[in-house]
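You will see two complexes here that share chain A, one where it goes with chain B and one where it goes with chain C.
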Partner chain A sequence: MTAALLLQSAIIGISIGSIYILMALGLTLMFGMMHIINFAHGAVYMLGAFVIYYVFFQGGAPYFAALVLAMVLLGAFGYLVERSVYRPIKGGIEPTLVALLALTTFLQAAGYPVFGQLDKHVPPVFAGTRNILGVMISVERLMIIPVAAVLVVGLYLFINRTRLGAAMRAIEQDKEAAALQGVNVHVVNGLAFAIGFALAAAAGALMAPIFKLDPMMGEQPLLKAFIIIILGGLGSIPGAILGGLMLGLIDSIVATALGAEPAFLLSFVFIIGLLLFRPSGLFGHA
Partner chain B sequence: MRRAIVLVVLAVLAVAALLVPLLGDYYIHVFALVFINIILAASLRPSLNCGQLNIGHSAFMCVGAYTSALLAKHYALPFELTLLAGALLATVVGLIVGYPALRLRGVYFAMVTVAFVEVIRLIAAIWVPLTRGNSGLSGIPKPNLLGFTLVSKSSQYYLAVALTAIALFVLWRLERSRLGLTWRSIGLADNLAQSLGVNIAAHKLLAFAVGCFFAGVAGAFYAHFIRFLFPPEFGFLVATNILVYNFVGGRGHFVGPIVGATFLSLLSEPFRGSAYETIFFSIAMLLTILFLPGGLITLPGKLAELRWWRATAAPTPSPAA
Partner chain C sequence: MRSKRSVMWLAFLTVAALSPFAPPTVCAQDVIRFGVSTPLSGPAAPWGIPHKNATELIFDELNAQGGLAIGSKKYRLEVVAYDHKYVIAEGVATVNRLIAKDGVKYISVLGGSVVKAIEEPVNESRVLNLPLAYADGLVSPKNPLTFHAFPSPPETTAFWKWIKEKHPQIKRVATLSPNDDTGWWSIKVEAAYVQKLGYEVVAKEFFERTMTDFNPVLLRILAQKPDIISVLASPAGSVGLVIKQARELGFKGRFIHIGQIDTSVVANIAGKANVEGTWVHGYVQNPLPEKIKSWQARYTKKYGEWNATSIDFANPAFAFVAAVKKAQSLDQKKIAEALQTVEFENLWGMAHFGGKEYYGIGNQILYPMPFSEVRDGVANLVVQLAPPHN
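Right, the complex of A and B next:
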């Protein structure tokens, strides 16, 4: 592997890692507050990509408008899921998990009759390549990095600088105490669902011009996001960011050297190995 | 009520076991798959009773299936040996991956089991010289049991019935034994169980291994019944289905997974192969979780309650009267 190829796969790794971070942030946020694992995250990623297909490609709307629309629509869907699935189950972890699994398989299976059996393709949004330190990278992949960075910084500021963000942190520390201080736990949980779904939709929307679209496309990013949040520690936001970058780099460099499937296998073996020595991840405390 | 449910379930299984072969090959095929699903669902129970949410059971079915198929295909070993080898290798793999994973609790464990499924599926897909990878392994011989090849579908069906009966009997005896009670105590309050001197890690591992063994049995039979193995067939969806059988049937009683596996397998059968299979499946799953949290086995009790409520409520005159 030459230095140029290594650099190229590293930059592509950061770009893929940004997608993983967007997926993992929502998962880790929802876990921190509600102790649930949102299996529907992959299906939401898929729906985000299909919004781009219909609104940007078929409808002719500007790309970033379609991206924002995907985030708004699926964020609203997230709030609805909290209201109609999570809240009625009243916090039972196992039933919630199974219900979210059911929602996932429903969305994926319904995708076939609704979106059609054939794979869909979205034409490139940003054409051309850019020369970075002597290697050529497609602008399409480069663009993912600033967009993801804006979303991550936005989330960070929201959580740390606003009253609602403070309410989220309060619920994460102690749900009952937060409720006693006047935090409307249901609404704030619904907000966490909405944010998580919107970030997953953004990830799908960013990947839509790069990969082919089919109802099962969210499965792999979901599994990657699981690995990342185990790696970074469940509930830890810095852990999700660092884990996402690490996995993106491992993925891209190992996949260039050995092929995609061995890279995937390696990341799983790595995570099982890590858990042997640090059962709560790199940044976990629980 | 519970006793009645158990009797009904046993009666239905016995009738199905005896009468289905009269209905023809299609029904034989469908019901043999139902019995495989019953073994898989019931074998997840020991782990679930220990409070371990295992979403990776299809990985061990996969190990059992490939082991049995390859031994029979390349070494012409009889089914009784390949079945045992498949089940034992599934157990060994379960012990190897289960040992580190069982130190994890709750959701961490659930997510790692999701990783197992992918690891095993990817190994089956990548190890092409052995498994033929994603082209699929074909030419698996029909089960050769005690020197007789089971040629007809109905004889293979009776083999499935026999395997299911043995598996359910063993699992039921285990659940009712002191060991089963210990598992249950770990699931209910692991700290308390530990304070009473229960070795939690060892018991969780044992429960997990028992489940892997029977998943291997189910896989081995599946291999010789379908006679074609394809790595994506053992993916995440199958693993979640096994878990779902338990929740939809009901976690509170041994017959829960049996009811769940039978109900969901038969319900989705008319749509098999189309997207509507999964759509119906997932709707049934969601409705049960939301409106019948105890699973289908609590349905008769709920209905009786409703009737009692109506009967007591009816004589009360309404304010308008």
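Right, the complex of A and C next:
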């Protein structure tokens, strides 16, 4: 593998890793606070992409306005899911898992009659390629990195510098104690759902002009997000960031060097190996 | 007034009560049900939808003329179609349902990996299958009731000979195909053929059908500096992404698909300019012979939108109707015997089943195969070639 090829695959890996991070952050945030795995995350990713299709491509709105709209709409949907699914079943882990699995199945099945049977596409937002140190990289892929970085930094600042973020951290540490200190657990849980869904929607919206759109498009990113949060440590935001970058780089560099199948296998071998030594993941608590 | 209403009710109830004893209608009794298991959603839907539609259109037109005559009896043809999404488990489930629940004796299944997975139930149930599928050993003496109704790689590789003559500057070939029965066999046949012709096969890569990010695998391929990339057996949605991403990575060469893809779907994803120069088999938009123009008009009238894939994917229905007419029987074995000898018209000309010297059984459709080149976004017919075996 030449240095140029390594550089090219590393940049592609960071770009795809940025999407994985956005997907995993929402999942890990919800797990950290409520100990639930959001199976609907992949379907929300798909809906985020379809908002771009209808609002940006069909409706002619500016791309970033459509991206923000996707985040707002699906964030509100997340809040509604907390109110109508999670809260009524009193946060029971197993019933919530089943309910979210049912929701994702419904959204995927409804996708075909609503969006059509054929794959959809969104034209490029940032067309063309750039020559970076002698290797060609598409501008679309490069643009994912700063946009994802802005969202990650924004989430970090929100969680660490705001009162609501402090409330989230308090619930993550001890829900009952946080409630005794006056934290409205329901509202903050609703906010976590909203942020988780909005991040998944952003990931889908960023990928819409790069890949094709279909109702099942969220399955692969969801699988990757699960791998990342296990790798990074369940509930850990720094773990999700590092895990996302690692998986993106493995996917890209190993697949370029050895082929797609070995890369897929190696990502699992790597996780199994890591979990043997650190069963709680890179940043997880035992 | 009240008595008049009572009489009407009495009449209605009498008719309703007697109706189960009335002789069954001709329509209800004399129906031939033809099963179609095909991808009607997902990346392979651009193949499955015209497969189902073309079969329905041919049957509807025949029904409008009174139906299919066997002796003195006329039968109405009916399509029972299910979506398998190009997922093997769904394919097996839909075919089992067609055979066991719907009682269908004749089917057409699209997709090599699906058709391989249903070989056993099809053979055990003695169901006649007219698939559109690429898979090793599909056309073989162990599947006597399977008649492949679309040209396969052993036939369509003939186009490489034409390329060798007309474009001698192309020397290095890379292949990228789905990681399943369809892809493995297609590439095995194509690579062996092009190597025999003197080409250098510089890369052979496979991908999962769910893959959308082809960058890593394309980086591997492009590092070998191919002149042309074959995407044989890949669905249109995947080919669109492959072409788009390969162009972004700087690939300037050609693409070729000697299976079949809808180049308009590919161009929608990859961009019109990126698809320029691509060679495909079995998808022609221009020029169309009068017979196909008439088919186009009828298809568009019925379905609202024209789909050129329907031209070649009408073969199972044409073959079935011709064989039943010749056999004058609904017995699968007799229809199969008729298929081995019948000559019939498809939309490109005269077709028949043959290829015994290659496959060991004469169950592969053979007819003059159309090949196109995409120019200005349109698939233009460049040549029609006879299959290399008869």
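In the analysis below, the second predicted complex is superposed on the first by the 281 of 286 C-alpha atoms of A that agree within 3 Å, B and C clash if a C-alpha of one lies under 4 Å from a C-alpha of the other, contacts with A are read in each partner's own complex, and residues count from 1 in each chain.
We take it that a residue touches a chain if its C-beta (ideal position, glycine included) is under 8 Å from a C-beta of that chain, and two chains touch if they have at least 3 such contacts.
From a predicted model like this one, the values you see are computed outputs, not experimental measurements.
Colleague: Do chain B and chain C fit side by side on chain A after the overlay, or clash?
Modeller: Aligned on chain A, chain C clashes with chain B.
Colleague: For A:S9 in the superposed arrangement: first (chain B), second (chain C), both or neither?
Modeller: second
Colleague: If we overlay the two complexes on their shared chain A, which of chain B and chain C does A:M217 touch? Say first, second, both or neither.
Modeller: second
Colleague: In the superposed arrangement, does A:H121 touch chain B (first), chain C (second), both or neither?
Modeller: Second partner only.
Colleague: So, A:F31: does it touch chain B (first), chain C (second), both, or neither?
Modeller: first
Colleague: May I ask you to decide whether A:P62 touches chain B, chain C, both, or neither, giving the answer as first, second, both or neither?
Modeller: So A:P62 meets neither chain B nor chain C here.
Colleague: Pick one for A:E261: touches chain B only (first), chain C only (second), both, or neither.
Modeller: both
Colleague: Identify the partner contact of A:I227: answer first if only chain B is touched, second if only chain C is, both if each is, neither if none is.
Modeller: After superposition on chain A, A:I227 lies in contact with chain B alone.
Colleague: Once the structures are superposed on A, label A:D251 by its partner contacts, choosing first (chain B), second (chain C), both or neither.
Modeller: In the superposition, A:D251 touches chain C alone.
Colleague: Using the touch definition from the top, say if A:Y112 reaches chain B (first), chain C (second), both or neither.
Modeller: Both: A:Y112 reaches chain B and chain C.
Colleague: Considering only the contact definition stated at the top, list the common interface residues of chain A for chain B and chain C.
Modeller: Residues common to the chain A contacts of chain C and of chain B are 112, 219, 261, 264, listed in rising order.
Colleague: Write out the stretch or stretches of chain B touching chain A in their complex.
Modeller: Those residues of chain B that touch chain A are 53, 97, 100-101, 103-104, 106-108, 110-112, 114-115, 118-119, 122-123, 125-126, 236-237, 240, 243-244, 247, 275-279, 281-283, 285-286, 289-290, 293.
Colleague: Which residues of chain A touch chain C once you look at their complex with the stated criterion?
Modeller: 2, 5, 8-9, 12, 16, 112, 117-119, 121, 123-124, 129, 136-138, 140-141, 211-212, 214-217, 219-220, 251-257, 259-261, 263-264
Colleague: Show which residues of chain C lie in contact with chain A when the two form their complex.
Modeller: 40-43, 45-46, 49, 179, 205-208, 210-213, 215-217, 219-220, 223, 237, 240-241, 245, 248-250, 265, 268-269, 271
Colleague: Going by the contact rule set out above, which residues of chain A touch chain B in the complex?
Modeller: 31, 35-37, 85, 88-89, 92-95, 97-99, 101-106, 108-113, 219, 223, 226-227, 229-230, 234, 261-262, 264-265, 268-269, 271-272, 275-276, 279-280
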